[in-house]
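Below, chain A partners chain B and then partners chain C, in two separate complexes.
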Partner chain A sequence: MNERNRTFAKGGGLVVLLVLAVLFPQVFTNPSVTSYGVLALIFATAAVAWHIFSGNSGYISLGQAVFYGSGAYTMGIAARDWNLQGTSVFELIPLCGAVGAAIAVPFGLIALRVRRHTFIVVTIAIFFIFQLMAFNLWFTGGSSGLASPFLTWAPVPFNQNFYYIALACAVGSIVVAWLIGRSRFGLQLRAIRDDEDRARGLGVKTMRVKLGAFAISGAITAIIGAIWFYFITQVQPQTGFNPLFDLTLVLMVFLGGFGSISGAVLGAVIIEPLTSWMSTVPALSGSVSTIIIGAILLLVVLFMPRGIIPTSSELITKLRMRGRPAVVPTTTIEPVSTGSDPSAPTTSIGSGGAR
Partner chain B sequence: MAREITQAIIDGILLGGVYALMAVGLTLIFGVLDIINIAQGILVILGSYLAYSLFTKAGIDPFLALLITIPAMFILGVVVHWAFISRLRGGERTSMTLLVTYAVALIIEGILFKVYGADNVQISPSYVNSTVHIFNFYIGWIYIWGFILAVVLVVAIYALLYRTRYGRSVRAIMQDETAARLVGISVNRVAAITFGLGVAVTAVGGVVYGSTNAFNANAGYDLISRLLSIVILGGMGSVGGALGASVFMLTVESVVTIWQPTWAVAVYYAALVIVLLVRPQGLFGRKAVRAQ
Partner chain C sequence: MTALLRTEGIMKAYGGVQALNGAEIEVEEGTVAGLIGPNGSGKTTLFNVITGYERPDAGSVWFGGREITRMSPDKVFAVGIGRTFQLTKIFPRLTVIENMLVAAQAKDRPRNLLAWFGKDAWTHHRKHAMELLGFVGIERHANVLAGSLSYGQRKLLELAYVLVADPAVILLDEPAGGVNPTLINMIADRIRLLNAEQGRTFLLVEHNMEFVMGLCSRVTVLESGATVVSGPPDIVQTDKRVLDAYLGVDLDEDEPEPVLSEEPVHNKEDAR
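Right after this comes the complex of A and B.
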């Protein structure tokens, strides 16, 4: 009964959150406010995509910007070469997802052969190869990048429409992540995180499972990259393939709570608006915001190493347990009395052995 | 053509020596503490800026300034280890230390931007552009000095590792940390010294990097990704591997630059990927047993 109540409370809470998220742009119509919302949802989607692969499998990927930038560039190049205009550009989104998954397969086949630190560095190396390609290939527009097709929406509906598109992506990715977490596939991924060799010994096709999760994560990241590109209307190699993008995702996930979907979302919703807001305040922009983000990161790791959600849920459990009597085991050991005078020589074996 | 290639190989070897020194710091820290120091790149730039300030404000020769900057960087490393890294425990320690060193890198980067601005600067003592003419090849003195200094320091680190009590402790910890603890090695102290040492060598790398390149605080990203590639290619924790890999990588890049300046960096990273396909443990690394 209690369990069912909790499930209802959880479901109800999620519905309330969703309603609030849907109402947000209706209440705050100011475009400078709603653009925070759009970017937060874009990063929430990317962070959940990161969680699907890295959070479940334990392989820390610092190459997600490969997919993000590829999605943005796929949309830009396809729209340019096929002369797509206005809302018909959104028909390219499945293509962007397919490109993301298609890149993830060879990327994963190379990178997933190695583990831990080496995997991290290989993802960084492949990321730099992609950034260099965006700079230098003939069809990418070089260092000036690409501009998106023009959308004839006024500022307020522009942001509102993008907000709902990003919200749909975020909800979609959360549902995908939740389904994976519940499935046999998710269980296999977590088995790999805990002990890959043993998982393989028990019959998990580790490479196939890892590659599958990597491709799903890549497809989602590419889709949200394409939407991000259409929202900010341009992409350059250093913004599409941004090394800070990956590190920001990791920061978000660890701030919220590594290994949980809600942690990834919460981290993104805190960090992204904060950085966007700091860049608008002259006293906090540029180098100062870098220092502040670094300091937040240090504080989180040192004082909340497991992230906000696990730490706070621990705290809540502790508070709820406070009034109740502690559970006493039935066979308690009587305290051994060693006499009233502590300095008196005792005959117990324990202290005798120590002397 | 053959002459250009030879020149490129010479340049690659000389520059490789300097990168080796920075990479040795990284690989030592990795071997003993089992962490990646993401801040290594920005620490090199910090070393460059320190030398730059001492040169422009106080007129101290950048190589002479190493007598000040090396101890300063050593202390910085020990402090960072004591304040942040030694406090991390638990299962996610590897990822956590990655985040901590990244946070340190961000803070240093922000401070450097705040103090020095975003303009590119270069350390330019009078001899920075003078060259020596040997067998028809022109070689910059700064590269030669940097190479000699790097070789001397790498040899010194080797001697430290294989001839001293500290070095024995370091190698014991690399082999088996628990066993090292059991035989009475103070792992925390050795780790602090190693972290300090690994950071201290960036002062030397910083001087040579800062005199041969125009730099600002953003250059740290380029450096750290190169250094990580070198360390992985050489096999993590292997000092000799870092030396070999950095000379190999820099020579490859330098030779490719003759034909394809734009793609030289891609070749650099592609070399890493290809080598790892054949040897996942790196060129000189030991095969990891149950690496998870």
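Right after this comes the complex of A and C.
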């Protein structure tokens, strides 16, 4: 298959997936089924937002719930204090994104000074600060949290409307992630992932780049947090700022494939409906479902440590290459004249000239 | 001639260890300068101070008449000082050409979102990057992950991507360390070529005396963080202080291996 055909096939596949996603609530109109779809799309958006920062830069953030909860609370507090009702609440979504980005800047300026495990621990610490604030500040409603403004939609269109809102968010975040991945910005992020000191020594303004990605990730997470809040109609400190939220995201991304957008989406689409479904089955609810999810994670780590997408794409390449001669890279060092022989290979090397 | 790169009385201590104790070095424009000294004499630390990876306790770094002491590494790179590392530092999970592009776009000043996020805003560097990969002889590996290159090829890639941003001075930390003799000759050859044809300035740390003495027009000897002597190679080689401090062997003797000391396998930065 040549390059053009492959792009064509890929684009075609994406269109088919999108059409299926659009048709889903038309085929399955039962609200309990569509709510699986809404939650899966919400988590897909959050996982893609996680990928934009952590997947590209290699900084594993366990503080995304800070943005998720802040988005939800921004929506709730603004709607309550400004007496917004019905669909006009959706006008607050840009504000929620802005709050997420605004929180990401000081958060990042503190946390991004350290790397690896220390970074993870700092993000968790900041997460707990936010959860405590949600419990204790005077405007957050304390431990009983906030209720969302009342929506007058009937159950069936309610879920369907939220499904399409969440789908738009998921598609939007995937497009943003894809644009970042192919850009200068994405290249710099991946350079930071591989060797941050070297990247700095090659002129990459690492703090600015990391902070930018963190803010974009924070904004998207806050927006989807606000939509989640409006969908489930209430938020408490322990659900908005839920420590399991980040662990779930990481599990999703590692299951689907760390470092790829499709991995993040696939992981979310598998894990979230599975957990929601298990919580409705009495025999599986509670700790049993946690054990099952844990077992899945262990199996993934054992048999495909890089996740579903990278492992299966490797497998496909292997199957396709079967029977063909392997491509062996040739040795490259050309014969070089020793000493200062002026007739040495003189490939002209572009700009420069005597200074 | 004026010194393009100059340090004055650099002091740097780690705990109780005085790594640099007034180190002074001058690199004149258009020359290849060498920096030698026994292990732990502060060569790499001096490199780190010049390129902004370490902040000196005292002293100053001057580049082309401008003080660059305590600038961050990305700014030092932007003013025109590129460097390689003792143990190669590349981006293993980026392809070779992507490695080059990271360095190539560093001087761009993206003015709008399109320049930051557009795909074609920076790919025009690709041609120049490929030429440089050809210059060091690894263009056939352009689309291979850099992590799959051999150690010698990584050294060449490092040299190429430092060159791609067109720096005025290139600092090379042991360019011949751990590399086979054929490749050592090739690297020496490339340095000579860049210096002769483009007037590029080099400062290199190296333990291979043959390599240093053959390439450099001026050699500075560092011992215990201080400059012992600085001058043309033939004078440095016969200087009594240098012989006492470092060389301890007569280079005219037919020593089979002129490498004077074994560098520990791990990086000095980590070993501190």
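Details
The rule we apply is simple: the second predicted complex is superposed on the first by the 321 of 355 C-alpha atoms of A that agree within 3 Å, B and C clash if a C-alpha of one lies under 4 Å from a C-alpha of the other, contacts with A are read in each partner's own complex, and residues count from 1 in each chain.
Throughout what follows, a contact is a pair of C-beta atoms (placed from the backbone, for glycine too) under 8 Å apart; a residue touches a chain by one contact, two chains touch by 3 or more.
Because the structure is predicted, anything quoted here is derived from the model rather than measured.
Of the two partner chains, chain C is the only one touched by A:Arg190; chain B is not. Using the contact criterion defined above for the overlaid structures, shared-chain residue A:Trp178 touches neither chain B nor chain C, since it reaches no partner.
In the superposition on chain A, contact is made by A:Leu297 with chain B only, not with chain C.
Contacts of A:Arg200 after superposition: chain C is touched, whereas chain B is not reached. In the superposition on chain A, A:Phe8 makes contact with neither chain B nor chain C. In the superposition on chain A, chain A positions 195, 197 are in contact with chain B in one complex as well as with chain C in the other.
Listed in rising order, the residues of chain C touching chain A in the complex are 29-30, 51, 53, 72-74, 76-78, 82-83, 85, 89-94, 98, 101-103, 105-108, 110, 115-119, 121-122, 127-128, 131-132, 134-135, 137-138, 140-141, 144, 152-153, 161-163, 165-166, 168, 182-183, 185-186, 189, 192-194, 197-200.
Residues of chain B touching chain A in their complex: 30, 36, 84, 87-88, 90, 92, 94-96, 98-100, 102-107, 109-114, 221, 225, 228-229, 231-232, 236, 262-263, 265-266, 269-270, 272-273, 276-277, 280, 282, 288, 290-292.
If you check the complex, the residues on chain A that touch chain C are 179-180, 182-185, 187-188, 190-191, 193-195, 197-206, 329-330, 332-334, 336-338, 340, 344, 346-355. Here chain A touches chain B in the complex through residues 58, 60, 110, 113-118, 120-122, 124-126, 128-129, 132-133, 135-136, 195-197, 243, 247, 250-251, 254, 258, 286-291, 293-295, 297-298, 301-302, 305-306, going by the rule given at the top.
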